[in-house]
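First the structure, which I've put down as C-alpha cells, then a few questions once you've had a look.
Letters A, B, C and D mark the chains as written, and numbering starts fresh at 1 in each.
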Amino acid sequence: MDGAGHKQAAQGNAMLVFAQFGAGRIGAIHAANLAASGSARLAHVVDVNAAAGAALARKHGARVSDTATALADPAVGAVIIASSTDTHADLVIAAARSGKAIFCEKPIDLSLAHVDEALAAVRDAGMPMLVGFNRRFDPNFAELHRRIGAGAIGTVEQVVITSRDPGPPPLDYIRVSGGMFRDMTIHDFDMARWMLNEEPIEVFANGAALVDPAIAAAGDIDTAMVLLRCASGRMAHINNSRRATYGYDQRVEVHGSLGRLVAGNRVGTTVEQADATSIATDKPLHFFLERYAEAYRIELAAFIDAVVNQAPMPVGAEDGRRALVLADAALQSLRENRPVRVA
Amino acid sequence: MDGAGHKQAAQGNAMLVFAQFGAGRIGAIHAANLAASGSARLAHVVDVNAAAGAALARKHGARVSDTATALADPAVGAVIIASSTDTHADLVIAAARSGKAIFCEKPIDLSLAHVDEALAAVRDAGMPMLVGFNRRFDPNFAELHRRIGAGAIGTVEQVVITSRDPGPPPLDYIRVSGGMFRDMTIHDFDMARWMLNEEPIEVFANGAALVDPAIAAAGDIDTAMVLLRCASGRMAHINNSRRATYGYDQRVEVHGSLGRLVAGNRVGTTVEQADATSIATDKPLHFFLERYAEAYRIELAAFIDAVVNQAPMPVGAEDGRRALVLADAALQSLRENRPVRVA
Amino acid sequence: MDGAGHKQAAQGNAMLVFAQFGAGRIGAIHAANLAASGSARLAHVVDVNAAAGAALARKHGARVSDTATALADPAVGAVIIASSTDTHADLVIAAARSGKAIFCEKPIDLSLAHVDEALAAVRDAGMPMLVGFNRRFDPNFAELHRRIGAGAIGTVEQVVITSRDPGPPPLDYIRVSGGMFRDMTIHDFDMARWMLNEEPIEVFANGAALVDPAIAAAGDIDTAMVLLRCASGRMAHINNSRRATYGYDQRVEVHGSLGRLVAGNRVGTTVEQADATSIATDKPLHFFLERYAEAYRIELAAFIDAVVNQAPMPVGAEDGRRALVLADAALQSLRENRPVRVA
Amino acid sequence: MDGAGHKQAAQGNAMLVFAQFGAGRIGAIHAANLAASGSARLAHVVDVNAAAGAALARKHGARVSDTATALADPAVGAVIIASSTDTHADLVIAAARSGKAIFCEKPIDLSLAHVDEALAAVRDAGMPMLVGFNRRFDPNFAELHRRIGAGAIGTVEQVVITSRDPGPPPLDYIRVSGGMFRDMTIHDFDMARWMLNEEPIEVFANGAALVDPAIAAAGDIDTAMVLLRCASGRMAHINNSRRATYGYDQRVEVHGSLGRLVAGNRVGTTVEQADATSIATDKPLHFFLERYAEAYRIELAAFIDAVVNQAPMPVGAEDGRRALVLADAALQSLRENRPVRVA
C-alpha cells in the first residue's frame, strides 16, 4: 500500500488530480463532491457515452479522454472508477499499473477470480485503493461503529441489518447485476463484517421473488434473509427487499454484552402531524442518493486524505473481496439450500 | 390533620369503610377502584338520582342512603365526594363534623369563601382530606416530579404545561362549570404549583372562544394561554383548548439549570405503521378516563393508605384552595387584561 | 371443540368454576386474574408444594385438593394447568377425560409424542383447550396482527422477531427446560406462525452460549438466530438472547407488499430527560410479569369467554403442537447445521 | 420592490455580484454559501477589522474595499450586510441609494426610528431587501409552515415556540445587544408572526435573570416567557432561555382546528444506545451554526433567486420592522408589567 508508486502518486499534488471513468448517476455525484472538496481537481472524464462524458467534463472544467490518455497523464494521481461493473477490474489493473491511487465503486467484479487478479495488480503496484462501500461513511453508521470500538456495548454478539430499497431497478439492470446478493446485499455483507469485527465463516440464505415475478423469470430474487456465523459464535442477520413503499429502509442494530446500539433512518424533516387519523412523521429519505449524499462526500474526502497523507485506506481492496466472497456463498447457499463455509 | 377524629376514623378499620356521594361517571370509577383495592369497602351510596345510586350500590354490595344516615354510621371512616360541584363544600363540612376522612373531587367549590368555610371545618375537626387532583398520581407526571426532587435537572426555572381536551363538554355543563379556568385549567394550576415547587404570585391570561361560538355565548372561553410568575423569577406557561382532534393531549415540560424533563402522552399501543403515506403511530389515549385510569387507582390507594396509617395526604385541602385562587386570578386577568397578583 | 363434554362443561356455570394446578409465580397471576374477572371462581388449588398451594387457596377462598378430587368435582368446568412442564400433558389428558375445559401453560410437553397423546385425548373428549401463548393477547402484538388482517400492509412477506430476556434463568431451570428453543423461542415460533399466516416448512438455526459458559456446560445455548421459510416464499427471522441489560426486549416487525408494521416495547413512563449527557427515555418494562400483565388478563378472559360461549379458542392445542415442532426442528438444525423440513 | 433600480440591479448579471459588509462568523457563512451557490460572485469585502476582511476576501477571490468603493462599483448588484448591528441601518440606506439589492442580517437596527428611516430609503429606491430571519428557511419550519398553508390542521389557533440557546453570549455582547428580546427573541417574534398568519396586537412578557446574575447586573434578562394575542383571538407563547445544557433547543408547535403540527430539533445522528442506564439518543445539534447551516444556504439562494428573477422577497424589510416592534413591546411589557398594544 505504501510502495514507491503510491508515494509518487501522492507527491507534489497540492491539488490531487483525478481521472474519472463513468459519467452516470454515481459518477456525477463523485465529480460534484470532488469539485467541492477544495483539495482535488478533475482532469479527465472517460465514458463510452460520449454525450454524458462531455457534459460532465464541461461542468467541471475537465477534458474528455480515453482510458489510455487519462492514465498516461503524469499529472493524474488518482482515478475514480464509476463505470459499469464489467469494466471495474480491468480499469483497476490498468490504473494500478499506471501508478494511480484507485477509488473503485463496488463491486470490483462479479467474478472472484477477476477480483483476485485486480487485487494482485494493486498489490504489485503498491497503490492505495478504496472500494466504494459508502455506508461506512454514513455518519449514523460510523458513529454506531465508533461506539462499539469505544466499548459502549461491551463485546458484540449479534448484528441485525435491515436494508430495503424503495423499488426494484430495471430488469435490464437486474440481468447484468450478478444477482441481488452481489448487487445489493453486498453492502450489507460489508456492514456485517464491519460491525461484527470478526470474519463470518458461514452463510445461510433464504430468498424469493415476492415483489415481481419478472425478477424470478430473470433468474434473480427480490426478497431475502441471510444468517452469518463467526467462529466465536457471533452472528448476524440481514433482511432485504427490493421494494419498500415507505422509502429507503437502512438500519443497523447491534447487540453486545452491555447493551444495544441502533442506527435508524434519516427523515426529510422533523415535522410531526397529529390529526384525527394518526400521529405521523416523515418517511425515510427516499433512496441512496438522498440518504447517502453526506456519506459520498465524506467517502471521497477520506480517500483524498488517505492518498495525500499516505494513510491507510478506511475501506480497502480486501474489504471489497471479502464482501463478494460472502455474496457468492449466499448465492450458493440459496441454490443448494445449505449453510456454506467461507475460507 | 391528626386530631382525635382522624385517629378515631382510622382506628379499628382493618377494612376502611366508605360512604360515597355521587354515582355518576367519576363516582363509578372510584367505587370500582375501591372494590378492587382489597383494603376498603363501600357501605353507602348517596345520589340525587335514585336509579344511578341504586345501580352503583347494588354493583358493589352497598346500601342506598341519604347523607345524614351515611354520615351517622359509626362504621364509616371515610367519604368520597363525587357529586355535583355545588354540593362539595357542604358535604365536606358535614363529613368533617362527622369525623370522617374526606376524599373530595376538585373543585371544592367555585366560591373561594365557601372553600374557606369548608377548609375551616376540616381543620377544626382535625380530619384528613385529599382533593382529587388525579394528575399528581399519573405515573408519568409523578416520575417527572420525583426526578425534579432528586435533582436531575437542578433548579427548576420554567414549566410548560399542555392540556387539551378531545372535545368540549355539553353547554349545560359549561354553564355551571364556573368557566374553563375553574373547571379545566384548575388541574394545570395544580400541576404548575407542584412542578414549580414555589407559589406563583402573579397570573396573566389570554383566552378566546375559537372552538365553538356557543361557548362564547355562554360567557365562557375554550382556548387559553396563561403565564404564572413566582417571586424567585421562576415562571410557568399553560396552554389549553377544549378541542384536540387527535385525542387528549396532556404533557408537562420542565426546564431546570441542568436540563429538561418532559412527560408525554400515553398511547394505546406501540404499533407503528409505515406505508406510502407516512410513518404513523397511535394517537394519545382518548380522554381522562383512559389516560388517568391508573392515576385514579393510585390516588384512591394513596388516600386509603394515608388515612389508615395517619400519614400526610399527598395532595391536601390547601392545594385545592390554591389552585382555585389561581383560577380566580386568571379569570380576573382575562376580564381586566392585566396581570393579577395572588396573595 | 363442541362435543357433549364441552357443552356440559359450559352449561349452567353462570360463574365458571376452576381447578388450578400449580401455585407458583405464573399460577399466582392466573389466580389473581381469575378472581378479578368477575365471571369465574377458583374452587381447587393443587400443588406439590403444600405451603404454596395452601397460601394461594386461602388468598382466593379456594380449597387445597389433590388432582383426583379436583377433577372429580362436577362443579368444576375448567382447569388451569400452571404446574411444572413435565406434568402438563398428563394433566391435560386427565382433565380432558374428566370433561373439563383446559387452559394449559406452554409447552404442553417437551416430547412431541407425549403432546400428540395429550391432544388425542382432548380431541376424543371434545374439550376446548387454550395453550398459554400469552403474547397473542398483548395489545400491541394483537393490534399489529389485526392490521395485517385488515390489509394495512398488503400481503405479508417478511417477519422479524426480537425476543431477548433481561437475564438467564437459574441453571437448575435450564437443565429441565428442554433447551432455549423449546423454553423461550417457542413463544417466537408461535408469533412467527401467527404473523406469517402460513405454516413454515423449513427451519435453520444458529446458536451459541455467549452469555454464560455454564449454560454451554449444561448443554444449552443462550444466544440464537433462526430463519423460517414458508412454501410461498414468505420468511421470518427470530433473534434471541438470554440477556439484555436494558430490560425485556420484545418486538415484532412485519413487512408486506404495502408497508411495514412494528410493535415495540412498552416503557414504564413517558418521561424523557435531556441533559448535558444525552436525551434519555425509560427502559422497556423489566420482564414478562410487567410487560405481559395485561396480556395475561386478556388471555384468561378470552378463555373464559370461549368456554362459556362455546366459541373457538383464540389459540388452541394445535398451535401448541406446531410451535413445538418448530422448536424441535430448530434444535435439530443447530445440531446438524442444516435446514430442517417440518411436516 | 420592482422599481427601476431593482430592475437595473438584476439585469445583465448572469452571475449576481456582491459586496459584503462584515467578515465575522456569520459573514464567513454567507460568503461560503455565496461561493458555493454557482450563481453569484463576491467582489468586495468591507470590514473594520482589516485582517478579517483581508482573509475572507482572499479566500473567495474578492477584493478588500471601503464602503464607498464597494457601493460605487456598477458591477455590484447586491450587498450582504453582516457587520455589527449599529451599522446595519446606515448601510441599508447607502446600499439602497446606490441601487443595490439588500440582504441584511437581523436586526435592522435597535431603534425603530432608525429602522423606519432605513425602510423609507429602501422604499424610495425601489430596491428589494431580505432581512435575515434564517429560521424561515430551516426545512423543518418551512415544511411546517407549508402544511399550515395547505390546510393540514385547519385554522391556526395557538402557536408555542421553544427557543433556548446552549449558553449565554459574552457580557460584552449582551451590553450592546439591545437586550434579549431584541437580540434573541426577535427570531421567535418573526416565527410567531409567520405561523400565526395574523399580526399580534398585544404582547405580555415575563422575564428574569436566572442563568447568570451578571446578566441582571448588565440590565438584561436570560429567561423569558411571552404571550402574543391577535385580534381574532389566536395566540402564541414563546419560552426562552440563554442556557440549555443539552444543546440548542428550537421547536415550534402549532395547534389548529383540525390538528397539531410540531417541528422538533435536528440531532447529530440517529444512533440510539440502550444499556443498563437508559435508552439514549443524540442531543440536538449544538447551536445555530450547525442547526441552521442548511437554512443559511437556502436563505441566500432564495435571495439571489428573488433578485435575479425580480420575484417577491420571502421575508422582507417590513418583517424586520414588525419583529422589532414586538420586541420593543415585550421590553415595555416587562418593565411596566402590563400587556402592551402594538399598532
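Please note the rule applied: a contact is a pair of C-beta atoms (placed from the backbone, for glycine too) under 8 Å apart; a residue touches a chain by one contact, two chains touch by 3 or more.
Note that the structure is a prediction, hence the values are computed from the model and not measured.
For subunit C, the chain with the farthest CA centroid is D. Here A-D and A-B are compared, and the pair linked by more C-beta contacts is A-D. Centre-to-centre separation of subunit A and subunit C, using mean CA positions: 43 Å. Computed from the mean C-alpha positions, the centre of subunit A lies at a distance of 40 Å from the centre of subunit D.
If you average the CA atoms of subunit A and of subunit B, the two centres end up 59 Å from each other. For subunit C, residues touching at least two other chains, in rising order: 245-246, 258-260, 273-276. Across the interface of their complex, subunit B is touched by residues 36, 139-140, 143-144, 147, 152-153, 258-266, 268-276 of subunit C.
Contact residues on subunit D toward subunit C in their complex (touch as defined above): 245-246, 267, 273-283. Those residues of subunit D whose C-beta lies close enough to touch subunit B in the complex are 155, 157-158, 160, 162, 164, 204, 206, 208-211, 223, 225, 227, 229, 232-237, 239, 241, 243-246, 249, 255, 257-260, 337-339.
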